[in-house]
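As structure tokens, here come the structures.
Below are two complexes that have subunit A in common, paired first with subunit B and then with subunit C.
Up next is the complex of A and B:
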């Protein structure tokens, strides 16, 4: 297979590599470089300022708020989403009543649930965010009308307008839209666990609780861990940007009194609204560090002996 | 979890020698069949309840949106949950024409169509070379590609904006296509490299011995063999690109070039002043229904495509 091999390799790699370098790698390298300048993004001239942007960032109250919110997202969202999804997936695949001689089965109608739960996953996060923005509307939204309908009319929260509630409201939407994906993902993982394991456990009289913690969870651990990281990266990155920017009030989003501002949104505002491109990239570098640190911590905490089966 | 626990205890004592479950008390040789059955019954009520509640929580907002899209503005605000007095189809036609939903659809189709073809073509070319050929730098290029999966896009966006501006690609559909392709390559290359490794080498070698060039072998032998992988990764990219919001928001601000998600958000912002909420809901549902319909029809393939990368 030597004839013309290198010409072929170069020919096939040239275009993809060029596109990737020009639009992905090069901007990443540039952004780290820009974080050491005073570039506004508007003029071609700029000077090096060393670590000025970084020290400014450490004094920036709004940066700390966005960092705090982003970290909350990265901790709470995977916890809730993965937890709920594990529970649902277990019910759908293992939790059912024994029937027709099968040792383990999902509850009745499990394939129907799997289809329905996945719905939000195929919708644009922008559409989901818009939909919930209407639902949360304090005066005429769907949620407060339901409260009124069931006789809780006295409780009419402002939802997205309430600085204490806004962040939770946004997180609920992200959970709503991602749980289905993990249910299906974990279901696929559970399907690959050999049935004899369950049969043996059931023979020993284990209940579903024990079965879950002693068999399902340990054997599913790799999938859970990668799901955890995936959810955390979503929660730190593009998805949180979209929901916060679209749903929450305030100039260009960010909630009342910056109560929902997150790191990616703050980068966007600094760069494209305030004309502080260099400072924006500095916050972006902080976001990169947080993301990588998050992945490293999850991998470190999640390290277990790998179970082969 | 807590409720499961009490439910189990309430039923009796499931005899579990395995031990450490909180609800388990040891009893001397219980009748395992009977207790298991009783436990199953209570738990089934509970678990079905929770599963049904979540199903309702998923479906209700979507049904609500469909219903609202057929109502007039006044009843949207006065009685959000009431059925429409009649089906206001004019909301839909107004959204389609006056609110430019037709333009947004067309733009999205063009951008996603172009970038999907490009992503699959360039992604499979790169993946094939990386999976099948030994050459200096192979590993490096592979890790360069897959490294892109873990970086936050937002960090690159600021310089990318100016790269696009300098190349006169800003606010153009073809510029957006190129960017979509570039940002789809990491996962596509990652997935397809693994896939090409699993394909048998003998067929490609036979074709090559028969005198086919490397290029011809790739297009006529390997690509057709890789079809299942291409479909999976194609669905993954299709949904991602169809639903993309961040990239067009920054790189494509020309009003007539907007894609669906971006156009809808823009509409929502301007509706705040014009007050055509029914039209906006019609637009939302219009954007929702095609993907939901496609998902229900190709449900298996979609799920396989979206979860393929994450399961071993």
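Up next is the complex of A and C:
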């Protein structure tokens, strides 16, 4: 069945490829084109300005701030989220005490925990952000009320109103809302690891710690790597935009004192508030480069010998 | 588990397939690309409707059978007042149909339509998603409203519309030169808002000098009430009382210099004195705890609950906070407290200006219809209807006779009367939105009011922002 194979494949791929080009590649190219114009986004007229937008971007203090925050998101969030998710997934699937014959099992009540972890996933990110916005309310919010309740009434931070805390507050919300997804993803991955490996490890007297690092993690590496990239892109893009825009201080979020501004939010502000759509696409191009670089770095660092079993 | 790469010659591996298909994709990109290279320059669609014949009843020459499209910001003032005005239009021109779209998403709804060259005929460009007026004017997207202002008023055909408006309204709609681009429909009084009842219970009257202000706050503090609160998440509410105070202390020229983005405008001693006065509120603990983390609704709620005495705000607060405001709250507004008797302008100097900006796009199909709808809204009847239903004044001068004024509105009218000619109107908030809200507001005043920056540091920071804005060629600059 080698005859006409390529024709067959190309025939099937033509339509999806055309759609992909039209809706994914084409907008990218279009925005790169617009980044060389002075388009306002409020009128159909614009002219070419060459690299003006780019030189302006390199001089823009707020752009650098937002880049710095976006990079922090891309490094810290996957690290914390994937780390936590691996730990939870391991405990839920492998980490329990041995009971009645089963060689490996999760901790007691693991099926319940799985639901609890996954629960935030069913809420839209906008609702999560709103909920936490109330929780962080320094006057009547849950967190400060709890602090007061346990006798720590003297510690009443402004949370989202404090430039030193705001970025961390936002990151915590993102971790809370995404960790459940990765717990489920890694649980699925762990389920496909043959049980005999664990049994053999147990017979050799391996403890949980060794089991995790010698068996679970290496066999799960592909899943972890995809999860890592996925989380990084979430942190660079849509999710970080939503929480920062909804939760933090300022007319469109991003404050106090630009302490939480991130690249996608800055794109939004320039395009839809300041009427500088061309400059916004320029920042968008920077975001595209950062995202691609992030994926490339993770792929490179994560390259490992494939284990076949 | 399968493998992702092909084993020697055993058919096509997944990786190769992807590589090859990507190559096909890349080839097709440029060819398709240039076909739609001018995607954003919309083609046509903006054929105007024919003009009608001018007559005494129809001074603008509205086409009596042409449709009209009206997009309204559905915010604090609701949409009923516009619906009522549309009814009048439809009665006057029974063959015309008005398509009315109330929305909170002004930019989302309208940006693509401006881009495509098919905007609606009349827009209330307001709210959090307001389109930047400076850009719209700069890009010649707005129609000059002068024909409307020179048309006879509905109530008295011997008067022009412009003669029935409050002073300053027409000027606010100009950017530079004569054309009037914006018709501000509401008339907002900014200042310090408080509960007369709460102030009475402290046995105090509204302070006129800063020493008196501090004394009142001290009195309140002893009773466990904070002196001030403000929208901590949107600290650009603070200028509602701070800017007129600067004007009062140093004179109008100081505010004009600030608006003109003059170098060292913020280093004027009056600015310093006012910043230090506000900073004293912070240092003495007269600001409600946690205020920097509250948004405008949360701070207003704390204030209506009596946790704080004063709040800088605009006259929409009466409608916006109505849900949480006790019936006997006795809302009142005052012009800002000054420093002392050496201030350049008298106590009573207040910030009042137009709100709810209405625009008619230059590319509107039924431009005359848009103007006519505005002319109807500026009649005494429509104006009264607005004031009655949403507790705010309009651009129409007067229009409050025979209406039962609510306490806040009554106090606003009284404050305007007391101010007389001493009404100031800082323009930063409509000329330079990003500078005013994000930089001066959040990054500057927000940090100072949270006690994290001193007045001297804040002035330095704001002056730097203003200098940057003055140099920035991507924003249009205006002068008084």
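The rule is short, and it goes like this: the second predicted complex is superposed on the first by the 283 of 309 C-alpha atoms of A that agree within 3 Å, B and C clash if a C-alpha of one lies under 4 Å from a C-alpha of the other, contacts with A are read in each partner's own complex, and residues count from 1 in each chain.
Heads up, the rule we're going with is that a contact is a pair of C-beta atoms (placed from the backbone, for glycine too) under 8 Å apart; a residue touches a chain by one contact, two chains touch by 3 or more.
Keep in mind it's a predicted model, so treat the numbers as computed, not measured.
Between subunit B (first) and subunit C (second), which, if any, makes contact with A:17: first, second, both or neither?
Both partners, subunit B and subunit C.
Per the overlay, which chain contacts more subunit A residues, subunit B or subunit C?
Between subunit B and subunit C, B touches the greater number of residues in subunit A.
Just subunit B (first), just subunit C (second), both, or neither: which does A:232 touch?
A:232 contacts neither subunit B nor subunit C.
With the two structures laid over each other on chain A, which partner does A:181 touch: subunit B (first), subunit C (second), both, or neither?
first
In the overlaid three-chain picture, which partner chain does A:246 touch, first (subunit B) or second (subunit C), both, or neither?
First partner only, subunit B.
After the superposition on A, what does A:25 contact: first (subunit B), second (subunit C), both or neither?
It touches subunit B and subunit C both.
In the overlaid three-chain picture, which partner chain does A:9 touch, first (subunit B) or second (subunit C), both, or neither?
Touch status of A:9: both partners.
Between subunit B (first) and subunit C (second), which, if any, makes contact with A:189: first, second, both or neither?
After superposition on chain A, A:189 lies in contact with subunit B alone.
Return first, second, both or neither, reflecting whether A:78 touches subunit B, subunit C, both chains, or no partner chain.
Touch status of A:78: no partner.
With both complexes overlaid on chain A, does A:42 touch subunit B (first), subunit C (second), both or neither?
The answer is second: A:42 touches subunit C but not subunit B.
Can you pull the subunit A residues that subunit B and subunit C both touch?
The answer is residues 5, 9, 13, 17, 20, 22, 25-26, 30, 34, 41, 139, 192, 272 of subunit A.
Mind listing the subunit A positions that touch subunit B in their complex?
1, 4-6, 8-9, 11-13, 15-17, 19-20, 22-28, 30-31, 34, 41, 84, 87-88, 91-92, 95-98, 107-108, 113-127, 130-135, 139-142, 145-146, 149, 176, 179-181, 184-185, 188-189, 192, 201-202, 204-210, 213-214, 222-223, 226-227, 230, 233, 236-238, 241-242, 245-246, 264, 267-268, 271-272, 277, 280-281, 284-285, 287-288, 291-292, 295
Inside the complex, what are the residues of subunit A that reach subunit C?
2, 5, 9-10, 13, 17-18, 20-22, 25-26, 29-30, 33-34, 38-46, 56, 136-139, 144, 156, 158-163, 192, 248-252, 254-258, 269, 272-276, 279, 306, 308-309
Please give the residue numbers of subunit B that touch subunit A in the complex, ascending.
That would be residues 1, 4-5, 8, 14-24, 30, 32, 36-37, 39-41, 43-44, 47-48, 50-51, 54-55, 57-59, 61-62, 64-65, 68, 76-81, 122-123, 125-126, 128-129, 133, 135, 141, 144-145, 148, 150-163, 178-179, 181-183, 185-186, 189, 205, 208, 213-215, 218, 239, 242-246, 249-250, 260-262, 264-265, 268, 281, 284, 287-288, 291-292, 294-296, 299, 302-303, 306-307, 310-312 of subunit B.
Residue numbers of subunit C touching subunit A in their complex, please.
Checking each residue of subunit C against subunit A gives 1, 3, 11-12, 17, 21, 24-25, 28-29, 32-33, 36-37, 39-42, 107-108, 111, 114-117, 128-129, 131-132, 134-136, 138-141, 232-236, 288-294, 298, 302, 433-434, 437-438, 441-443, 446-447, 450, 452, 474-475.
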